[in-house]
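Heads up, the next two complexes both have subunit A, just with different partners, subunit B and then subunit C.
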Partner chain A sequence: MSTSVSTPSASPPALRAKDDRVKTRSLTSRLLSRPEIGSLIGAIAVFVLFVVVAPTFRQPASLATVAYAGSTIGIMAVAVALLMIGGEFDLSAGVVVTTSALAASTFAYQLRLNLWVGILVSLLLALAIGAFNGWLLMRTGLPSFLITLGTFFMLQGLNLGVTKLLTGGVSSDSVADMDGFASAQAVFASTIQVGGVGVRITVLWWILFVALATWTLLRTRVGNWIFAVGGDDAAARAVGVPVRKTKIGLFMTVGFCGWFVGMHQLFSFDSIQSGGGVGQEFIYIIAAVVGGCLLTGGYGSAVGSAIGALIFGMTSLGIVYAGWDANWFKLFLGVMLLLATIVNLVVKNQAAKR
Partner chain B sequence: MSTQTHGSDGARDGGAGHPPNSEILRLEDVGKSYGNVHALRGVSLSVRQGEITCVLGDNGAGKSTLIKVIAGLHQHTDGHLVVNGEEVRFTSPRDSLERGIATVYQDLALVPLMSIWRNFFLGSEMTTGFGPFKRLDVKRMTVIADEELTKMGISVPDLERPVGALSGGQRQCIAIARAIYFGAKVLILDEPTAALGVKQSGVVLKYVAKARDAGLGVIFITHNPHHAYLVGNHFVILNRGNVSLDRSRADITLEQLTNEMAGGSELQALSHELSAPGQTPEPAAALAASRQTGR
Partner chain C sequence: MRIRSRTTAAAAFVAVAALTTAGCSSSGGRPADEGGGAAAGVADTPRMEIAVITHAAPGDTFWDIVRSGAEAAAAKDNVELNFQGAPEAGDQVNLVQSAIDSGVDGIAVTLAKADALTPVVQQAREAGIPVVAFNGGFAEWEPSGAMSYFGQDEELAGEAAGTRLTQEGAQHELCVIQEQGHVGLEARCRGVDNTFNGTSEVLYVTGTDMPSVEQAITSKLQQDPSIDRVVTLGAPFALTAVQSVQAAGSSAQVATFDTNKELIGAIQDGDVQWAVDQQPYLQGYLSVDSLWLYATNGNTIGGGQATLTGPAFIDSSNVERVAEFAANGTR
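Our next item is the complex of A and B:
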């Protein structure tokens, strides 16, 4: 019989001849291929800009304030970044913060319970909202953009409607003198003195969450699955990755972080405005994208989202410290978004070529 | 396992003189419809330990559908799927993997943005440590991935490189190396040699033979009867979702197999057409002629 292919007799293990067309990549090119590199360059540029133009910006107290502004965005942005790496969006990420805060305060207030009960109920609610988003996504196969747009409006309506029904106004009742307020405030909204500078506790929580997310992404099975379901969910499913669980888990993570920021907002003051949170979802997405997450999923980093949030914090406060009209902030934000994504793209292409 | 043949001469002997091996996977009258498309109808098939069952057929014959049912990606709509004597209905690829069935898919291969070693172990990652400190055993995984790929004869300088930066054939090799590494009992390969060069095809065929000699049951899907005949013990031809031929190696020659695959008489007509003098210089004319004869 004639065959087009003959099995080679040489033993394959001996074929360890390195392909001389490919050079081992240098350390710099590896560093440059990290997703967060574009945002790091941007962050340094913004930092230098405001250090030069705004003398107040250089003071430790100002830097602590910048870090605080970064943390309130960053705690959500890290969850949104994980979700985006997993290939999905959550447009309800902004209002779920308000929903959580309203749920905690209203539940405890109406039933005259310890605030921690309300906090727990609110946590369950936030997780349930995330699970609902994820479940509906997996069930219908519709784009997450549409599904979460639906939840966005539903939650917004519920926030306003229920608050109006119970209080007759647009803000929840004050919980300042209720049981558990002091301890909850200590956990979610206290200030810690570090070397004479007051640092808000959310900054520490933020660092913890980013570290946890980075560890999960790069060093656990779940992290591997997150990259896989975002990169190609059909291929991931075919090799046994639990796609449904991973995606639902990611939406629940967004719910959890939304709950956390909601608790922070509630205990920073003692009541909450029912119309809040609208539009914040885009800020979180911008932070994640500036931090190197691909809109198409499968690529990005948790540290990047933190840098993105920090850029946001530096800009929003830097403009004030520099004495500029705060109305320019949105313009700056848009320019930043475009620049960072272009830099990310260029750097990624360059690094791949080396 | 029970075979004493090795490497390429094993490929030539085939299963002719083997003692009857135990059946590891059986399909009985399996049917699968996608809505109103009947991709598979009454397909029966048997896969034995230490044997290679080749599935051949035209484009759209239902080969990929068949393996997706076995791999747990799709569920069959009729008939029975029996693994190790037990009737099963896989609801996810995990179920299938857990029974030691590993698959190389034709269309679902790797995640392009992920690194080589992460792709290699995706879904079956190795971990170390306990409780909250349980983490990926990166070192072990990179070492094993490197070893397995080296065995396949492909050199990748950097396992951290995203798979998307590799050539189609290299990617295919990674998918095959992965399936061979994880395939404990049954190995399914859907057109593994389609994108490969001559040398890599040879390596793959050698590995398919090796997997057989190690006692695995192999389902080898290919368009190439030469490749099939080199290693196969058993040949099944699918035609529009039906089994149109089911023979063991002893009962068929390569020529017959090639003929059957092409639908016998159709091929003769084609060869006649193509060899007709005067028509070859003008491909458009030949095409037009074939269109007319087709009507």
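Our next item is the complex of A and C:
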């Protein structure tokens, strides 16, 4: 749109003649056009607000709790964001967490095995559910919205049905006294002391997963494939992108992250309610969208999903830290999320004008 | 490609099989012998069919215990039991309607959403089907046309808990509601507030997402260190609140409404101080048994008055006795 003339100040000897067909953009302009920048500014606004109004929010221990809240949403949101960039939805993302946790605990408990066996079986199951979603999508060409809605109901029914059949109750039996519990808890649900503040290990895993996803998206061939299939899968196929593999892989990534969060829940709470996880899928999608993912696919970022999850965590706990009337909690939550998203939009529009 | 994926599958299978054989747990796991529960002879009265229709969301441990009570009575009374539930009022009305249409011999229904259900209860009465109410609807069961009521008054139960907190010398209580706008849960917290002499506060959490429950309670305890009691309204949330107390480094004690197997263990260990028990087993049992008594002998339990199944307290003084029943899923 508008011209930006780059002024070669101090003019170092150019190696080749400057190509006037390629526009050079300033650093700020490039920064502002990143998908996650709007949400970052939204996050800073929310953070500053709560720092001002809620004294407890400023304490390191409180920030650790907020980071933990961000991580339990964010680990799933990063996978959901990748999937959304790839142009698909997964409505079963919330219940797959519960399914994995139930599978691990039930399998090990019923057969009296080491918990790590259950954890492994549950990983295979979660990956299989993801692969099934992806395979069915590619096979039928139906919208992923419908297919995963089907899986969502099926898993919900399975969670309840199988648990009732095996335990006679609706929650899995406690596995806290079984072999492998301590080591699994150390991996999935421990607390690390950092300067006198207990930081949950999920926060570290979350950072790792986001870093991995960002590297994959921006620096690898697979990352290009993900953007390509989300933008236009027919065109992507025409230029040789393995659309089928990429999409199935994305669904399996969601399965993997669901498994991880499921393991976290199992080893934090010892037993799992079979009705849990319903409704969470929307929280993950919201985190991804607040973080700059387009609902239509082909655009977004992994870091953005993390910021989206953090905004959600900060808002839901910040309201508590601020001591606002609990009856109005959901209203505050809605208003804050809307504000964060509007800031996001304004920044994005400003960036587009440059 | 095909060969490779087959090899991978085979390798995975072998790995799992190896782990399965090598990975046995030396402790915990499913107990070798199971069984228990109330077992009695079977009545020689003619087979009758009773529908029990609740407002339970699928996957709530509380309703398992109600159900095992109903099943025990059904087995003893030669009753064919049809146990169903729907959290939405409209769906629950439809379930009652279909029970009327299929001509059951008795209906037990929860009146948590009494306004919606009253018309259909009256329809059942007109069709000559006796109806009893249980669990929800302490104030509404009589005008609705139900014959008897088995349950507790949620506000009374809350008041009992509030009185106990006052006696213990608590100063500041946090009442955790896992479903915003649930009439029964709100009534419990209101009851606690009525009789508790210290400060009462309410915190809303998302019951279907346990990590967020833990985070919310933790943050509230960090925000206000003067809180010395956390009162939860369901057993799983009490166990989570115990973790929040640890995470926040708070010295608050945890008490709760309703119980399950794990909660009984937590009371034994001293992690949870006490639980207000409304004896769900009894609610299920009495509902079915009262319909049987009415059909076979014309009796009404309660004689036109509500039959209270709670509140009773489970604490360190009586937990050992309750524990053996809880292990069977009947308390």
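Here, the second predicted complex is superposed on the first by the 303 of 354 C-alpha atoms of A that agree within 3 Å, B and C clash if a C-alpha of one lies under 4 Å from a C-alpha of the other, contacts with A are read in each partner's own complex, and residues count from 1 in each chain.
Definition applied: contacts are C-beta pairs under 8 Å (C-beta built on N, C-alpha and C of every residue); 3 or more make two chains touch, one makes a residue touch a chain.
Just so we're clear, the structure is a prediction, and the values are computed from it rather than from any experiment.
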First (subunit B), second (subunit C), both or neither touched by A:V175: second
Touched partner set for A:V278, first subunit B, second subunit C, both or neither: second
Which partner reaches more residues of subunit A (counting touched residues only), subunit B or subunit C: C
Partner chain in contact with A:G196 - subunit B first, subunit C second, else both or neither: neither
Partner chain(s) touched by A:Q59 [first = subunit B, second = subunit C, both, neither]: second
First, second, both or neither for A:G141, with subunit B first and subunit C second: neither
First (subunit B), second (subunit C), both or neither touched by A:D270: second
Subunit A - residues contacting subunit C, complex: 54, 56, 59, 61-62, 65-66, 68-69, 72, 108-117, 120-121, 124, 156, 159-160, 164, 168-171, 173-181, 191, 198, 264-265, 268-271, 273-280, 283, 313, 316-317, 320-321, 323, 326-327, 329-330
Residues of subunit C defined as touching subunit A within the complex: 12, 15-16, 19-20, 23-30, 57-61, 63-64, 68, 180, 201-204, 206, 208-212, 214-216, 218-220, 222-224, 236, 239-240, 243, 247-249, 260-262, 265, 329
Subunit A-facing residues of subunit B, complex: 7-8, 11, 71, 73, 92-94, 97, 103, 105, 108-114, 118, 121-125, 127, 134-136, 138, 150-153, 155, 157-158, 160-162, 165, 178, 198-199, 201-203, 205-206, 209, 224, 226-227, 229-230, 253-254
Residue ranges of subunit A touching subunit B (in the complex, touch as defined): 1-9, 12-13, 15-19, 22-25, 30, 215, 219-221, 223-225, 227-228, 231-232, 234-242, 294, 298-299, 352
